[in-house]
Amino acid sequence: MNSFGRLFKVHIFGESHGESVGLIIDGCPAGLSLTQEDFLQDIERRKGGQQKGTTPRKEDDIPLFKSGVFNNKTTGAPIAVFFENKNTRSGDYEKQRAVPRPGHADFVANKKFGGHEDFRGGGHFSGRLTVCLVAAGVIAKKLLRAEGVGLTKAGITVNASILEIGGETDLEKGLQKAIDAKDSIGGIVECRVSDLPVGLGEPFFDSVESVLSHVVFAIPAVRGIEFGTGFAAAKMFGSEHNDAIETINGKTATNHAGGIVGGITNGNELVFRIAIKPTSSTPKEQNTLNWESGGIEPFSVKGRHDLCIALRVPVVLEAVTAFVFADLLLLEQHIKRIL
Amino acid sequence: MNSFGRLFKVHIFGESHGESVGLIIDGCPAGLSLTQEDFLQDIERRKGGQQKGTTPRKEDDIPLFKSGVFNNKTTGAPIAVFFENKNTRSGDYEKQRAVPRPGHADFVANKKFGGHEDFRGGGHFSGRLTVCLVAAGVIAKKLLRAEGVGLTKAGITVNASILEIGGETDLEKGLQKAIDAKDSIGGIVECRVSDLPVGLGEPFFDSVESVLSHVVFAIPAVRGIEFGTGFAAAKMFGSEHNDAIETINGKTATNHAGGIVGGITNGNELVFRIAIKPTSSTPKEQNTLNWESGGIEPFSVKGRHDLCIALRVPVVLEAVTAFVFADLLLLEQHIKRIL
Amino acid sequence: MNSFGRLFKVHIFGESHGESVGLIIDGCPAGLSLTQEDFLQDIERRKGGQQKGTTPRKEDDIPLFKSGVFNNKTTGAPIAVFFENKNTRSGDYEKQRAVPRPGHADFVANKKFGGHEDFRGGGHFSGRLTVCLVAAGVIAKKLLRAEGVGLTKAGITVNASILEIGGETDLEKGLQKAIDAKDSIGGIVECRVSDLPVGLGEPFFDSVESVLSHVVFAIPAVRGIEFGTGFAAAKMFGSEHNDAIETINGKTATNHAGGIVGGITNGNELVFRIAIKPTSSTPKEQNTLNWESGGIEPFSVKGRHDLCIALRVPVVLEAVTAFVFADLLLLEQHIKRIL
Amino acid sequence: MNSFGRLFKVHIFGESHGESVGLIIDGCPAGLSLTQEDFLQDIERRKGGQQKGTTPRKEDDIPLFKSGVFNNKTTGAPIAVFFENKNTRSGDYEKQRAVPRPGHADFVANKKFGGHEDFRGGGHFSGRLTVCLVAAGVIAKKLLRAEGVGLTKAGITVNASILEIGGETDLEKGLQKAIDAKDSIGGIVECRVSDLPVGLGEPFFDSVESVLSHVVFAIPAVRGIEFGTGFAAAKMFGSEHNDAIETINGKTATNHAGGIVGGITNGNELVFRIAIKPTSSTPKEQNTLNWESGGIEPFSVKGRHDLCIALRVPVVLEAVTAFVFADLLLLEQHIKRIL
């Protein structure tokens, strides 16, 4: 349930206020160089606290290798990486327990796990676990840039960026809207993958869109995904939408398909966008049920939270995209099992 | 690769112009009544030829049970169902082979399978295989309506319908646009699932959105998916988007989440929409590569094709949705292994 | 449940007295030549009726390709193969139903599937389905002999043979014992695989022994498996059992390990043996329960049955061994995805 | 690759001389009470140092819960458990590296992982990781004893014991043989599981024998497995081997089948035996290759090692058996997802 991938497998575990969160990667080829330094940049990008609209909670987030790395290289055995939870504030969660936070998983977790769930700070449902996704992405990105993997010498690159905040392409403006309204706000993030070979993915169930969307919806707060022209394609004529192939390598004149045809990469840039809902924890007062009293009561979020969770999503989106393609490339033998 | 599901497993096979297409369902509980008649309505809904904008190709599409059904009930063993391909027109595919059809998988299939692919009519990539998805859906829907499965006595129901054709909610108007333009056109389809219990799905990798979107992108021509408010959520404030829980069963005042929070069903109606691109085979002349000559040449689609493939999608969308929930319900033991 | 393999996947279906049995292979590389003729020899080897001790039931057993083969080559899409059940004698199974045959699955099938199982001739539990295993093995063996796959130009070969019948290495003698006693008899079958590369398999859960024994116990009537020296190793000293490595390629002076160390192939011949129980259907009268009356009653097998099912096992054992190694070789990239 | 199970999933990681070894269990139902004390007895049984013939290496082996346990109960989220490696002696492994130890995985690991493997003390191939299997078994055993799971109120019990050492049923005598010979020695271990319900397992690929043998061969040094009468069945007549069903619950007069018919549990005691080879590290001097010089040289094991690894196997065998049945019981809904 907490695993993804067929040859490059990612397993995650942990809770927001438990001792630690972590991941195991099983199936990473031996011989990939890997040090703590490799993680710093992406982990820094994920952290809150650096910009308007993100939470001041800070964790050191030093990746602790527990297995699978030896002499600064992967060994072929499972790579276990840990992150300690140092900066937790246990607060009075027990007291608040019967009052499920609107937009959060509190209610469903309680029903699903029969009241046994770790409810502190969202427990296992917490966005805290995205640090595990980012760490898996760091390792996957190194694989994607290994020699001979992509169409160019630089290998395959994955880049995500924010397109809109609260409907504004001027992101400062979008954020200011939320600050002014004392409310949280959503956004749109785009991801592009370049230098992919033709032929990744499968028809039907394991189409590139299928596996990508599967893992993208593992990112909390994602509400939609579209590839290439996406929803706009529903308004187009076929002669507009079709991309004419122009070269023997499959390069097309336009890229409405976003780099995927028939579920398979076609050698053009892969492009997709995702919609991020506004942070569920808004400063605004809201109503919710008290499941003990059965009554409705006003609810106010205390503590530190992001106004716009979308700001932290790009590096997470890159990460999950990277490990999808690590897996697809291994499946198609574009990455050698031993580097 | 051509399989989906963990306990309720669907395997598909076949090609557009091969002898037959078919499916195996493994893991369907024993004791479910099942006859050919159960399939007729949904297979009829999928067929082309009944309305403006759909292809005149007709297959009898009689489901042939090969195993797993005995005395009109499922036995617990794998259910194999076949559909013969009777109405194929082999045409002169060999001749056209070096000219990949724009928007189709011809080019990527050729690269992926090294020229060994069955290229006749799209081969294994053909929309013909959606009859297998529909058949799997018929069986899954029967399970969803079994006694005690859903929140109400009627069990769980899955309904999909077309929202827009070519940007028009007046569907006749959208279709006429395409006919007038002598071009194909896209559309938007919505799916609603009612009476789901709380607690299906898992946090992160196996969220309901993850597994649903995975299988939805197995449907040819889907370019995007959004749950609940979807892309519009990216423009909303948190206090607007959050759905206030009002009852002990989790009913919410609004349903912006579309029935899923934290990746888990929350007991409200599940709602999602998908974008369907315009049919790749448009009557309009287009350019494409001839990979033998290396030159660009004009290309015209001959033969019978849908102007708007979206018209045939609702029943397919219901089907894949149904087998996702059959699987999730088995995983959470809402369906008994022996009925 | 009825599937095996990670990249080279085998799915089987069917019942003894249903319309047909069959298999799907998903993940077979494109470009492998494949014709009906390829199957004849192994299917002939599996058939009863040619020798003392095997059943006179004969099926034509012509493999019917339903998908995945085009111009006599695999396409990369799922390969569906069927065998019709022509030579069934429905008999009066309904009448005998409440009297589970000793040694057969009748009782457990009834309990497991709540009385919905197809009980005719063992239904889905029947040895009839081994024809599907043999067919999968034929395709796998072709892959194992593809250029560049094994250590030698001839590729990897899999050979199984009978070592003992009823404790006798003179097989005629063993068989005569059974004929004289008017009873069925067991045997021991050995399998050898030559020219395997070093490095297949994984430590722990996916050791070569793990995956091989998993599939070997899918063959009806197998009661034990041992690798290399096997059970005799339990009586040996370490200095006796250890195989001294003598060459840079890993060749060892002895082969007590049977070609596997630490779960991984070591470049020596792979050797293992399996124990086959006597055919459950013996001509001798036996007692069993009548689950309707609750009483014990005498039971006699009518109809045609093998005295010694072990005689038919070698080709089935080769088959499952072959598809295990097809999978392991694909996983380690010794077989190219596109031939 | 380092994972096992479909609903009750066990993932393991770690190396002999790395920082730690550990496991994740995903899919354990919420609400199972779990404390460190639950682990002590089985971990103590696994440890060397208590008896003649086992290694003096001792680890504290305190299970460190990292996630999935809250208020001494499982939460339904992944359970991560760690064991620190404190008592390692790094020795001069680098120097010995080119001299693969006979009977060990040194040579194959080097080939498989291209020289990147952690070679210290066997690295990821080390028997050290069996502490992870034992820990997974502790949790599984608690599930098997949960209310309503087995046929009796006590639930399902799993017991393994040593039958033979070096061919002697007087175990002291067998061990003394090895001590006298200054050599290591093998043995045979038997496992019995009582109070299993009828109907676990599947025909063919997921037979009980298939899944059990799969995981049993994950235990280092296992060379063979046999169920019920096992290899002796190959010498028997059918009328001798068949177990006559005597009661409506499936109890049989004899139990040659060892509790499994047609791959399915039949309600009788499950019985199987495994053969354990002599410890590869024997005090006797042996020859092996030096892969740098290419020459054969004498080799002596230094350090602490078990004379008879079979002595430590019973608790590991119980463990893997327990998590197989936890999985099979969840699959058949004999264990509720929420306790």
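So that you can tell them apart, the chains are marked A, B, C and D in the order they are listed, and the count of residues begins at 1 in each.
Please note the rule applied: a residue touches a chain if its C-beta (ideal position, glycine included) is under 8 Å from a C-beta of that chain, and two chains touch if they have at least 3 such contacts.
All figures in this text were calculated on a predicted structure; none of them were measured in a lab.
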Find the chain most remote from subunit C, comparing centres computed as mean CA coordinates. A
Contact-richer chain pair [A-C vs B-C]: B-C
Whole-Å gap between the CA centroids of subunit C and subunit D: 26
Between subunit C and subunit A, distance of the C-alpha-averaged centres to the nearest whole Å: 44
CA centroids of subunit B and subunit C: separation to the nearest Å works out as 37
Multi-partner residues of subunit C (at least 2 other chains): 1-3, 12, 77, 112, 124, 203
Interface residues, subunit A side, partner subunit D - complex: 1-3, 9, 11-15, 18-22, 24, 26-27, 30-31, 65-68, 70, 73-80, 82, 112-114, 116-118, 123-124, 338-339
Could you list, by residue number, the parts of subunit B that touch subunit A in their complex? 1-4, 12, 100, 102-105, 107-109, 111-112, 124-125, 129, 164, 166-167, 178, 181, 183-188, 198-199, 202-207, 209-211, 213-218, 220, 222-248, 250, 257-258, 261-266, 275-282, 284, 286-289, 291, 294, 296, 310
What residues on subunit B touch subunit D, complex-wise? 6-7, 77, 203, 331-333, 336-337
